[in-house]
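Scroll down for the structure; my scribbles are underneath it.
All chains are identified by letter, namely A, B, C and D, in their written order; residue positions are counted from 1 within each chain.
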Amino acid sequence: MEEGVKLTSNRKLEHLILCLCRDVEHKKKSGFQDIELIHRALPEINKDEIDISVNFLGKKLESPFMITGITGGHEISYKINKELAKAAKATGVALGLGSQRVAIENPELEYTYTIVREVAEDAFIIGNIGVSHVKYAKKAVEMVDADALAIHLNPLQEAIQPEGITHSKKTLEKIGKIVKELDVPVIVKETGAGICYEDAKLLKNKGVAAIDVAGAGGTSWSAVEAYRSKNSHLGKLYWDWGIPTAISTVEVREAVDIPVIASGGIRTGLDAAKAIALGADIVGMALPIMKKAFFGYKEVISFIENFNEELKIAMYLVGAKNIEELKKCPLVIRGKVREWLHERGFDTKKYARRSLHGR
Amino acid sequence: MEEGVKLTSNRKLEHLILCLCRDVEHKKKSGFQDIELIHRALPEINKDEIDISVNFLGKKLESPFMITGITGGHEISYKINKELAKAAKATGVALGLGSQRVAIENPELEYTYTIVREVAEDAFIIGNIGVSHVKYAKKAVEMVDADALAIHLNPLQEAIQPEGITHSKKTLEKIGKIVKELDVPVIVKETGAGICYEDAKLLKNKGVAAIDVAGAGGTSWSAVEAYRSKNSHLGKLYWDWGIPTAISTVEVREAVDIPVIASGGIRTGLDAAKAIALGADIVGMALPIMKKAFFGYKEVISFIENFNEELKIAMYLVGAKNIEELKKCPLVIRGKVREWLHERGFDTKKYARRSLHGR
Amino acid sequence: MEEGVKLTSNRKLEHLILCLCRDVEHKKKSGFQDIELIHRALPEINKDEIDISVNFLGKKLESPFMITGITGGHEISYKINKELAKAAKATGVALGLGSQRVAIENPELEYTYTIVREVAEDAFIIGNIGVSHVKYAKKAVEMVDADALAIHLNPLQEAIQPEGITHSKKTLEKIGKIVKELDVPVIVKETGAGICYEDAKLLKNKGVAAIDVAGAGGTSWSAVEAYRSKNSHLGKLYWDWGIPTAISTVEVREAVDIPVIASGGIRTGLDAAKAIALGADIVGMALPIMKKAFFGYKEVISFIENFNEELKIAMYLVGAKNIEELKKCPLVIRGKVREWLHERGFDTKKYARRSLHGR
Amino acid sequence: MEEGVKLTSNRKLEHLILCLCRDVEHKKKSGFQDIELIHRALPEINKDEIDISVNFLGKKLESPFMITGITGGHEISYKINKELAKAAKATGVALGLGSQRVAIENPELEYTYTIVREVAEDAFIIGNIGVSHVKYAKKAVEMVDADALAIHLNPLQEAIQPEGITHSKKTLEKIGKIVKELDVPVIVKETGAGICYEDAKLLKNKGVAAIDVAGAGGTSWSAVEAYRSKNSHLGKLYWDWGIPTAISTVEVREAVDIPVIASGGIRTGLDAAKAIALGADIVGMALPIMKKAFFGYKEVISFIENFNEELKIAMYLVGAKNIEELKKCPLVIRGKVREWLHERGFDTKKYARRSLHGR
C-alpha cells in the first residue's frame, strides 16, 4: 500500500470515529421544522393498506429510503458494509456505498466493498466516487455490480481540509462524459451543503438520472474537519455553510423532473413525509444509519422499521395511501424556509393550497 | 365483563390518571397568543349588562361554554360525571360526555353515564361515540336522552397507540348515514389535532350540525400515549402534531356556516373571547374541567364562573354587549397564525379592519 | 370624611406604594424597540442650536414633555405635587395632576392639589377627572386654575378591581358635553391600555382638543390590581392587555389632526424622539417621574434635563433642528409593530421613505 | 505641548486601552448573519486560481482589504503604526491612518505617523482627518504622502462625549471644498454608525471618490464613551445606535456608483464575501487589526492571510474566480435586514435571483 492511500484510509477512519463520537451536525436546522403537514381528521384510508414502496430508477424499493454513502476502504468498513447489506436486504431499501476510490487505487481493499453484493444479491446498490476521480467510475460500478453510480460533490470539505482537492473546473463536462459512458444511471449527490436550482438544472442537462440534495442540517463536513484539524478555525467558520435540506429539496424539485433524493439531516419518517410532500421521491440518511451499524444489522433493521412506521403514521394522518398521494398533500411552509423561497422566486402558496383528491 | 372491555376500561383509567398528574399538553401553543383583541378605551356599554348567553343547536346556554368529552366507563367516571352534571346544571353550560362505547358494549357500566341526566334533567347533554363505533350512535343518544351526539375523530391517538383502530375508509359515509338516522343533531369533533378547511367542508356536506375543532395546543393524545407506552418514541415524535386551535377555528369558520366549537387548549375567558371573535360560536374545554372535577362540583362551578367573568371583561374592553357583537369585533392576527393563514389563502386583514357598529 | 372617600384615599395610597416598590410594568414592550430612527452621518445642524420647545394648546413648553396624572388626594400627594410643581416650573414642562375627584368630594383635601398652582403660577397645569365623574369637570378646573382638563379613561382597571365602575354607556356623549361647557381645552387620556383609531375618531368628533394615548408598555393597572387583590388571577390574566404605545401613537395620529401625546412606557429622550417622529406632538411619563418625586424636585429636574439631552442627541443624529423637523424624519418600523400596522391597513413604508428637506 | 493637545492625546490613549480590554462592540449585529450566500456544489473553478486582488482608486491591492483608521498621536501609536505598515507592505492591503489632527496641531508627534511611509514606501496609505478639522486636510496628505484622504464623520461619539464638537452645519460644503482642493481622492467614512442612502447621494454630489460605510455591528463609540464617562448613562442608551453594516452597504451601493468600503463589524473573510456580494468593493476592519498589532506585525500578517483564505473559500464555494464575479453572485437577504430594506424601498429579490454567468 503506497503512502497516499494509507493517508486516505486513516483519514476515513478518523472521519468514522469523529462522526460516531462527536457532535458533527449543523447547528442550523435542516428546515423541516418550518414545514407543517396538514392534519386530516378524516384520513379516509386504512393505515394497514398504506403502501410505502416506490419504483426508483427502475427497481422497486420497499420503502422510500436510501442508506447514503458512508466512507469505506478500511478494515472496519468491511464490517459496517456487511451489516448495512444485511439490513438493506432484509428491509428492501437502497444501499449507497462510500467512496470506492481507495479500493480502486488499492485493490486489496476491494473486499470491504464487494461484501455488499455477496450479502445482498438483489439489493439496489449504488456505487460511489468523488467527482475528482470520475475516471474510476466504470471500475466502481463493476466492483459491486452496482445498479447505479453516485458521484459525490464535496467542495466544502475539500476547501476546508488541508489535503483537499479544489480543482472544480470542467466538473460538469466530466459528469456529462461519465453519464454517456456508463450503462447504469448516474446520481449526483452533495455531502451536506445542498444543491441549488442553478446546479440542478446544469446536472439535468448533462443527463444525470437523479439528484441527491444532501443539504445542510445533518452531518457537517466542516464540523468534522474542525475536530480533525489542529487549527479548527476554518472548520468552525464554515460549520453551518450550505443550503438547508428542506430548501434544497424545493430548489432542485423546481428545477428538474428527474428523481430527487432528500437527505442531510433527515432523521425520522416524519421528516421524510415532509420531504416527499415537498417534492422528493425518496429520502436518504447516513449518520444515524452508521451509528446503528456499529451495533449490528439488527439495529439497522429496527431503525428502518421504525422509520417506516413513522412515515406511515404521517401518511395516514394526511390521508395518503401511497407515496404518489403523499406528494400531492398540502403543506404549509413557514419561517426561514418560506423567506428564502420567496426571495428566490418560488411560490410557496401553491403547496398550501393544493389538495389531495380535490378533497 | 369480557377481556376486551376490561382492557379498554383500564386504558381509560390510565388516561385519566396521566391527564391528572403529568404534563400532557402540546408544547406548541394553541395560537391565541398570536391573536390580539383591540382595546376600546370607550366601551360605550355597561359591563353588568353584558349578556353571554347563546342559543346553541336550539337550546339556550347561560355561557358559550361546553365541557367536552372526558372518557367514561369506569367506576371513577361515575363520580366525575356526577360532579360535572351538577356543575352544568348550576351554570347552564353544555355537557359533553366521554365515549359511551364501553357502556354500550358493557351495559353494567351504563350507570356511570346515566347519572348525568338524573342530576341535570334540563341540561344540554351531548352523547359521544368514536367514529369507529358509530353503530352505537342511537344507543348512545338513548342512554342519556342526549340533546346531541358528538362523533369523535382521533386518528392520531389511534395511530400512536398499539391497540389503535386505524381503519378510516368510508368514515364520511358512515357519518352521513348517522346524521340521517338520528333525531338529534350530530356534532363532529376532533380530540386535539384540529380540523382543516377541507374536512370541514366534507363534514358540512354530510349534514353535520356543528363542528368542534379540538385543535392542537391543549391536551395531546400523543403525549398521553408517550407516557403510557414502554416505547415512548412515537408518542414523542407526534407530541405536537396537529392544527393549532386558533388556526383550525379560522379554517373551519371559513369553510362552513354551521356552529363552530373552538376547543383544544382554551384555558381562559380571554382565550374564549379571541376564539369567538375569530368565528367560533362557543368554546369547549376538557383537561382543566377534569382536574377541577376531582375536587367536586363546587370547584367546577367556580372555574366556570371565573371563566364567565374573564370573558365579560374582554367583552367589556372591546365594547361587545353580547356574543353576536363579540363576533364582529376587530382583532389583529400575528406571527405564526398569520403566516399559516396567508399561505393557505385566508385573508387576515379583514379581521383587523372590520368594525363594530361602524364605530 | 365619609367612609367611601376614605376607601378611595387608601386605595390611592396603596397604588402609590405598589408603583414605587413593585414591578408594575407591562411585560410586553411599548413597541419603540421596533422603531429605528435613521442615523445621519451628516446632520448638517449644530447641536447647540437645537430647539426642543413646542407650542402646546396655546402655551409654550420648554420641552415636549408632560408629567401625566399621578393620583392625588392623600396627605402624601401634597408633598409629591409640590415637588412636581417645583420641577415643572424650573424646567418649563407641562404638569398633569392626578384625579381630583377625591378633593372635590372631600374639600379638606383640596390643598393637596392647589399647592401646584401656588408653586408654579405660570406652568401649564392640567386638571384631571375620571370619565365617570365628569360632573366634577368644572370644579376640577377651577380648583387649580387649570390650563386644560384631562379626562381619563380606565375601563381596564375598573374592570379588574372589585370596586370598579364599569358603566361606560354614553361616555362619549358626556365627553362631548364637557367639551362644550368648559372654557379650557379638554384632553382625553387612557391610563396604560392605549387608544385605537376608531376611538380617536370618535373623540375628535366630540371636539376634544388633544389625545394622550397612554398605551401599553409602561405602568399596567392590571398589574397593580394583581398585587392589591387577594385573588390576583384577573389582574395577572389582563396584565398585558392593551395597545402598545408605539402602535397607539400611529393609530391615533392616522385618525386625527389634533395634538397627540404619546405616553405609556416612554422612558428616555430616545423613546420620545421615536414617538414624535411617529406622529406625537409631545410625550408623557408618570411612573419614572413619580419615583423621582419621592426624592425631591431636584431629582425630577435632573431627570427631565437628562431627558432633554437624550432627545437632543437623537435630534442631532437625525439632523432635526426642532420638533417640527423631527416629525418629518424617516424611520423604519419593524417586527410586531409593523405586523400590527399592516394588518390594520396603515402604510408603514411612507415613514421609511419620507425625507427631511428633500435630503 | 499645550493643554488641549495633551487632553486629546490622553483621550486617544484611553480609547486604545478600552478597545483593547473591554467589550466595546455593538450588541446588535452587523447584519451579515441575515445574508446567505448560495452554495454551488459545482463551483466550476479551481480554488488556486482565484484572484482576490482589486484595483482601488487607481492602485492595486492584493486583497480587497483596508486597515481602517485607528487613532494615533501618542507614543504608543508610533509602535502600532509601524507594525501596521510592515503588515500592509507584506500583504499588499490598504492602510488607513488614525486622525492626524493631533500631529498637525503638535508637530513633534508627526513621527508617529510618518513611520508608515518610511516602512511601506509603496503601500496604499490613506490619511485621516475629522470633518471638524478639514482645514488640516492638505497637511495630513503631505505628512505621509498619502494616496488618499479619509474624512471621518462621527457625530455620535461627538454627541456622547462631554468634550465633543457637535457643530455639523455646512459639513457638506466643507467636504466639497476639500475635494476640489486636494490632488488625491477623498474618502468619506463613518466610524461605526453607518451611512444612509440620503447621505451617500449628498456625498457623491460633492465629488467624493469613495465611501466607507463604517456601520453598526462592530466597534461602538458610544460603548467606548460609556466606559470612559463617570456618567455612563448616555453611552449606554446610544450603545446600539446606527445603521447595521450590511444594511448601510446596500443603502450606499443603491445610492452611488463610486467605490464602497464595507466596514464596521466585519470580522472574517466570509463576512467580506457577503459584503462584496451585497455591493462593496473592498472591506475594512479596525478593532481586530488593532488587537493583533499589539502583538506585532506577524500577527497582523497572519490575520490577513487567514482572512484571504476565508474569503477564497467563500468565493470557491459560490464559484467566483475573482472579485468582479463575486459581486454578481446571488444571495438571500433575510430577517431584520430584509425587513429594513423592504420598508426603505429597496428590492431584495433581485439579489436572490441574479445569476453568475447565466448559470
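Points worth noting:
The rule is simple: a residue touches a chain if its C-beta (ideal position, glycine included) is under 8 Å from a C-beta of that chain, and two chains touch if they have at least 3 such contacts.
Since we're looking at a predicted model, the values are computed, not measured.
Path length between chain A and chain C in the chain contact graph, taken as the least number of steps between touching chains: 2. Most remote chain with respect to chain A, judged by CA-atom centres, is C. Two copies of one chain, chain B and chain C, touch each other, and the residues they use overlap weakly: the shared fraction of interface numbers falls below half. Fitting chain C to chain D on CA positions gives a rotation angle of 90°, reported to the nearest 5.
As a whole-number value, the distance joining the C-alpha centres of chain A and chain B reads 43 Å. Between the Cα centres of chain B and chain D there is a gap of 61 Å. If touching chains are joined by edges, the resulting network of the protein chains shown is one closed cycle, each chain touching exactly two neighbours.
Of all the residues in chain A, the ones that touch chain D in their complex are 153, 155-156, 159-160, 166-172, 188, 190, 193-196, 198-199, 202-203, 216, 233-234, 237-238, 241-243, 336, 339-340, 342-345.
Partner chain C is touched in their complex by these residues of chain B: 36, 38-48, 268, 270, 306, 309-310, 313, 316-317, 319, 330, 332-335, 338, 348-349, 351-353, 355, 359.
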